[in-house]
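Here subunit A shows up in two complexes: once beside subunit B, once beside subunit C.
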Partner chain A sequence: MVRFILKRTGYMLVTFYIVLTLTFLSMKLLPGTPFKQAQKLTPQQLNTLKSYYGLNDPIPVQYVRYVWNFIHGDMGGSFQYGNEPVTDFLFARFPISLQLGINAMIVGTVLGILLGIVAGINRGKSLDWGSTMVAIIGVSIPSFVLAAILQFFFSVYWRIFPVAGWGGFMYQALPTLALAIGVTAQVARFMRTEMVEVLNQDYIVTAQAKGLSRATVIYKHAVRNAMIPVITIVPPMTAAVVTGSLVIENIFNIPGIGSQFVDSIVTNDYPMIMGTTELYALLYIVSLLVVDILYQLVDPRMRVTGGKA
Partner chain B sequence: MMATVNQEVSKELFAPADIDHSSSERIAGESVSAWRDSLRRYVKSVPAMVSTIIIALTIVLSIVGPHFFGYGIDDQNINLQNMPPKIPGLTWIPAFDGKYQGVDVYAQKHIKKAYWFGTDALGRDIWTRTWSGTRISLIIALVATLVDIFIGVTYGSISGYIGGKTDTIMQRIIEIIAGIPSLVWIILLILIMQPGLFAITVAITATSWIGMARLIRGEMMKLKNQEFVLASRTLGAKNSRIIFRHLIPNSLGMIIINTMFSIPTAIFFEAFLSFIGLGIRRPQASLGSMINEGFRVLMIYPYQILFPGVIISLLLICFNLMGDGLRDAFDPKLRR
Partner chain C sequence: MDKILEVKDLNVIFHIFKADVQAVRGVNFELNKGETLAIVGESGSGKSVTSKAIMGLIPNPPGEITKGSSILFEGKDLVNYTEKQMEKVRGKEISMIFQDPMTALNPTMKIGKQIMEGLVKHQGMSKQDARNRAIELLKLVGIPKPEQRVDEYPHQFSGGMRQRVVIAIALACNPKILIADEPTTALDVTIQAQILDLMRDLQKKTGTAIVLITHDLGVVANMAQRVAVMYGGKVVETGLIDEIFYNPKHPYTWGLLSSMPKLHAKMDKLLAIPGSPPDLADPPKGCPFAARCPYAMKVCTNHMPEYTELSATQKAACWLLDERAPKVAPPETIGVGGNQNG
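Presenting the complex of A and B:
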């Protein structure tokens, strides 16, 4: 097990190193100069600026410096905000995005499991049909359309929640919901399948034959077993939540890294784009690692027994 | 009457039955090919059929819709900004009564013609823009999906059919690509290539072929050891013939199902990119960029986001339902 985790962590580091290299290369491939109003500068001034930022060194030297700086937590300065370190921005804004993401994951998973259970035990009835429809609609409608609908009705029309901003529960409710629906839908579909499968198992019949009540059979025997595989589909959904958070944060004007990212794309703030990209990649790669380890812990059949998996 | 009852049952009345073995082998029903069978199952599925009809309608409208009124997608009319939607004959529906906050704007401005979906902040006809936007979204999705099938099927077949070292190397490459979130790939690619139709299509394709390649590889590995492949090889078929005449046609069901799920993903990513400002350039419109424009005036003119929002949601729901229907039709084992 320890060996497995070490090996996976090694893979993870390699993948992340590739991301780092790719972002560096694409930064070099990007058109234009990083300086504001570069056309107004004389070639000499431009040259001085370039050598000040080390942009005149050969690409390999720049590359080594870039990696070295990254290891020391320096991702360069933002173009947009007077060369302020990108890392500071990310550290200041990340907790907000994390909070939103975790909210959405928890709400989405809990709702999804409930919906899946309801659908699974009422298989083929109208409740099943209804929750399947909800799941398909949840999977299909883009989160930004949903967010706009929620914002319009709950904030503008009925004035229940604040329109935008970040703060306590009232501020968090709508963005969390908008982000959670996609998770809910996926978990619900998965949970329903698992429930249907588990309910057909012999041990459910045994439990019923023992004279256990319906609630006990469903909760103690069916749901608990059906939930095991669901655990493993939750972490990969971080990618979807991250994608969603980009637009959701923008729509609700939440000061997280998502809205920052969209801003930096619009203003061509390359170091910020690269820094955020790397952070997202890291998040995703770590979540894949977590899934791998979870699989191992949860399902002994998946356990890697030496050799190639 | 009595006579018949008393008649003796004699041996001569019996004769050996004629046993025709071929009759027991005869199939009573008409023979049904796997394709026909799938089609029959598909047509029976109500949600799938309704979705098919809605998608067909949307496609037709996206082709003829922009030419309905003769406006161009960028024809601006500063005098007619933000006109609410009005459809003659449907004015009893609140959304199409041509009134803005209870005031009939059309009467106020003495305008005879009606904008079915209203106009935007520059006085452009939203009907025209919505349908041409739908067309662009659909074209991007279609092209991205076709390229994705082509690359995915080729890569997957080579990897799965040849196997061994080639397979290992090809799979490691896929693992690295898949280890990086697709959002990151897409954004990096678009920044390098400059946003636009081409860049979006390339960026969407760059990540979406992986799912297809993995699926096809699995199918190839499953099929390549089956007897019919061995038979074909015994008869002297070359690898290319085996792949193209036997293996790919046998995994066609899988390919079609997966395609139906890649189309909505591509539509979503296009809209997403246009929404965050990395997509279609102005003055061209796509559903995503129209939702973006509509969102800016959501508080004042909610109808401007309504139509593109409804159409994209409807398209995505219908494509997903169609995909579900096709999956059930082609592979009843996967039915959930």
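Presenting the complex of A and C:
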């Protein structure tokens, strides 16, 4: 297992290096300059600025410098925020996005799995239809529409939660819910399909033939096997939710990473764009490793060590 | 002999979209303590549905055991049992072995745990006791190094070994009846013989009565004392093994015996019964075999024959046995001799 993780970590580093290179190269292809009101600057001033940021050097030199600095934990300074180090910026804002994303994933996955189980074991009955409806609604309504609805009822009408801002549980509840509903829907649909499939397997009949109660059969034999494929979608979804909460962060005025990312793109803030992109890439790559590790934990057939087969 | 199981007029209907499939139509048979009864017949004759009905594992809906059916286990009618009551019968009083050992075990649960579940549930054993018993059972069914293998997963076992595990699970609580639904069909021939030997040995040790469901007459000859031949959801002939093999009376039984490959006879090709089994969504009024029967008469298509008692142990449902019917001798191809088991 340790060897497997080390090997995979090696592959991950290679993947990440490729992403880093591609990000750097695509930055060089972006039109425009990072400097505001560049048209008002004289060519000399522009030139001075460019050479200050090292943008006049040949691209290979810039590239080697970027990679070298990156290895030493320096991702450069932001152009738009007075040269503030990108790393500081990410460290300050990313945890907030991460917290929100993880909240939503936990709520969404748990609800989704429960709904999926209920639907799967009641296939074709009203409970199945009910939970399928919830899933369809969850997939169909965009999170920002849901966010506005939640804000209207919970904040304006009933005044339970604050409209916007960031802080403890009270602030986190609504954005978490708004993000979680889509996750719930996807996980529920997936889980339902798997439950239906697993409940038709021969080993379920074997379990029943042992005289186990229906609850035991479902809980111990069906759910665990049905969850294996679900596990594969959750970590990449986490990466997507953590990075994709941009709209929600805007609506609830949450100082996360998402909204700043858009600003960086608009202003050609190269180090900032690269830093954020690389963070997202890293998150995704790590999530895939997590999938493989989880897979081995829940499915003995996937284990690379410990078994003879 | 003591009857332990008596199936009377069992009818099972599956309510499928736009049709009611009558999978089992008035099946009667009984099982004595400690004996092996073989139920033979081709695919779709209702063998497996009958066995699932005994276990109370017919999914409802779409399946339904109709009123008037009864399955008497030690005199108590299992048809009237609630789900909770059935849980106490399954695995404890009546167990089942399934056809395909590759899919019959939970892939994500250790072998030992799968054996232990029934012991903990039915005998209230502690985990440690159940584990020890599981190791004992694995040894009993002939799995080497049981102390080690008890903690392994199904994918680490071969097909034959898995079937041994399935048997261990079924026998865990010393059931009075073991239903084996084509236990060797999915295994290759050498392993088949091993599994059958094992089942016979275990039966000697435990005295469990076995209902052996199969379409392989070689297996029947090896294992059973009595045979019930099923066709089209009905038992068409039943008798002691010698009666069925040496003095069969029903043309379908003749067909089955003829279609069995013979070891010593020179044969250019295998004999088959032409045609296919009846559509049980719209079963024939008369004898289900009439359409394929070379001896069929007018009466056969319109009226189901009653059973004719041929001896204290053998009876068959065929119009040829009526005193008004012409005398027909069984075809020579049924000839059974030598060892039929591969």
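Convention: the second predicted complex is superposed on the first by the 262 of 309 C-alpha atoms of A that agree within 3 Å, B and C clash if a C-alpha of one lies under 4 Å from a C-alpha of the other, contacts with A are read in each partner's own complex, and residues count from 1 in each chain.
As a convention for this text, a contact is a pair of C-beta atoms (placed from the backbone, for glycine too) under 8 Å apart; a residue touches a chain by one contact, two chains touch by 3 or more.
Bear in mind the structure is a predicted one, so any value in this text is a computation, not a measurement.
Asker: Quick check for you: in the superposed arrangement, does A:Ile117 touch first (subunit B), second (subunit C), both or neither?
Answerer: In the superposition, A:Ile117 contacts neither subunit B nor subunit C.
Asker: Taking the superposition on A as described, I'd like to know which of subunit B and subunit C A:Val266 touches: first, second, both or neither.
Answerer: First partner only.
Asker: By residue count, which of the two partners contacts subunit A more extensively, subunit B or subunit C?
Answerer: Answer, by number of touched residues of subunit A: B.
Asker: Just checking: does A:Met237 make contact with subunit B only, subunit C only, both, or neither of them? Give me first, second, both or neither.
Answerer: After superposing on A, A:Met237 lies clear of both subunit B and subunit C.
Asker: Per the contact definition in the header, classify A:Arg224: touching subunit B only (first), subunit C only (second), both, or neither.
Answerer: Second partner only, subunit C.
Asker: Looking at the overlay, does A:Ala281 come into contact with subunit B only (first), subunit C only (second), both, or neither?
Answerer: In the superposition, A:Ala281 contacts subunit B only.
Asker: A:Gln208 in the overlay: touching subunit B, subunit C, both, or neither? Say first, second, both or neither.
Answerer: In the superposition, A:Gln208 touches subunit C alone.
Asker: Based on the A-chain superposition described above, do subunit B and subunit C contact any of the same residues on subunit A, and if so which?
Answerer: Of subunit A, no residue contacts subunit B in one complex and subunit C in the other.
Asker: Please output the residues of subunit A touching subunit C within their complex, sorted ascending.
Answerer: Those in contact with subunit C are residues 201-203, 205-214, 216, 220-221, 224-225, 228, 298-301, 307-309.
Asker: Which of the residues in subunit C come into contact with subunit A in the complex?
Answerer: Within the complex, subunit C touches subunit A at residues 55, 57, 83-84, 86-92, 95-96, 98, 100, 103-109, 114, 117-118, 121-122, 152-153, 155-156, 166, 169-170, 172.
Asker: Which residues, counting only subunit B, touch subunit A once they are in their complex?
Answerer: Residue list for subunit B touching subunit A: 176, 179-184, 187-188, 191-192, 194, 264, 268, 271-272, 275-278, 291, 294-295, 298-299, 302, 305, 309, 312-313, 316-317, 319-321, 324, 336.
Asker: Under the definition above, what is the set of subunit A residues touching subunit B in their complex?
Answerer: Interface residues on the subunit A side: 11-12, 14-15, 18-19, 22-23, 26, 29-31, 136-137, 139-142, 144-145, 148-149, 151-152, 156, 163, 189, 192-193, 196, 239, 242-243, 246-247, 250-251, 262, 265-266, 273, 277, 280-281, 284-285, 288.
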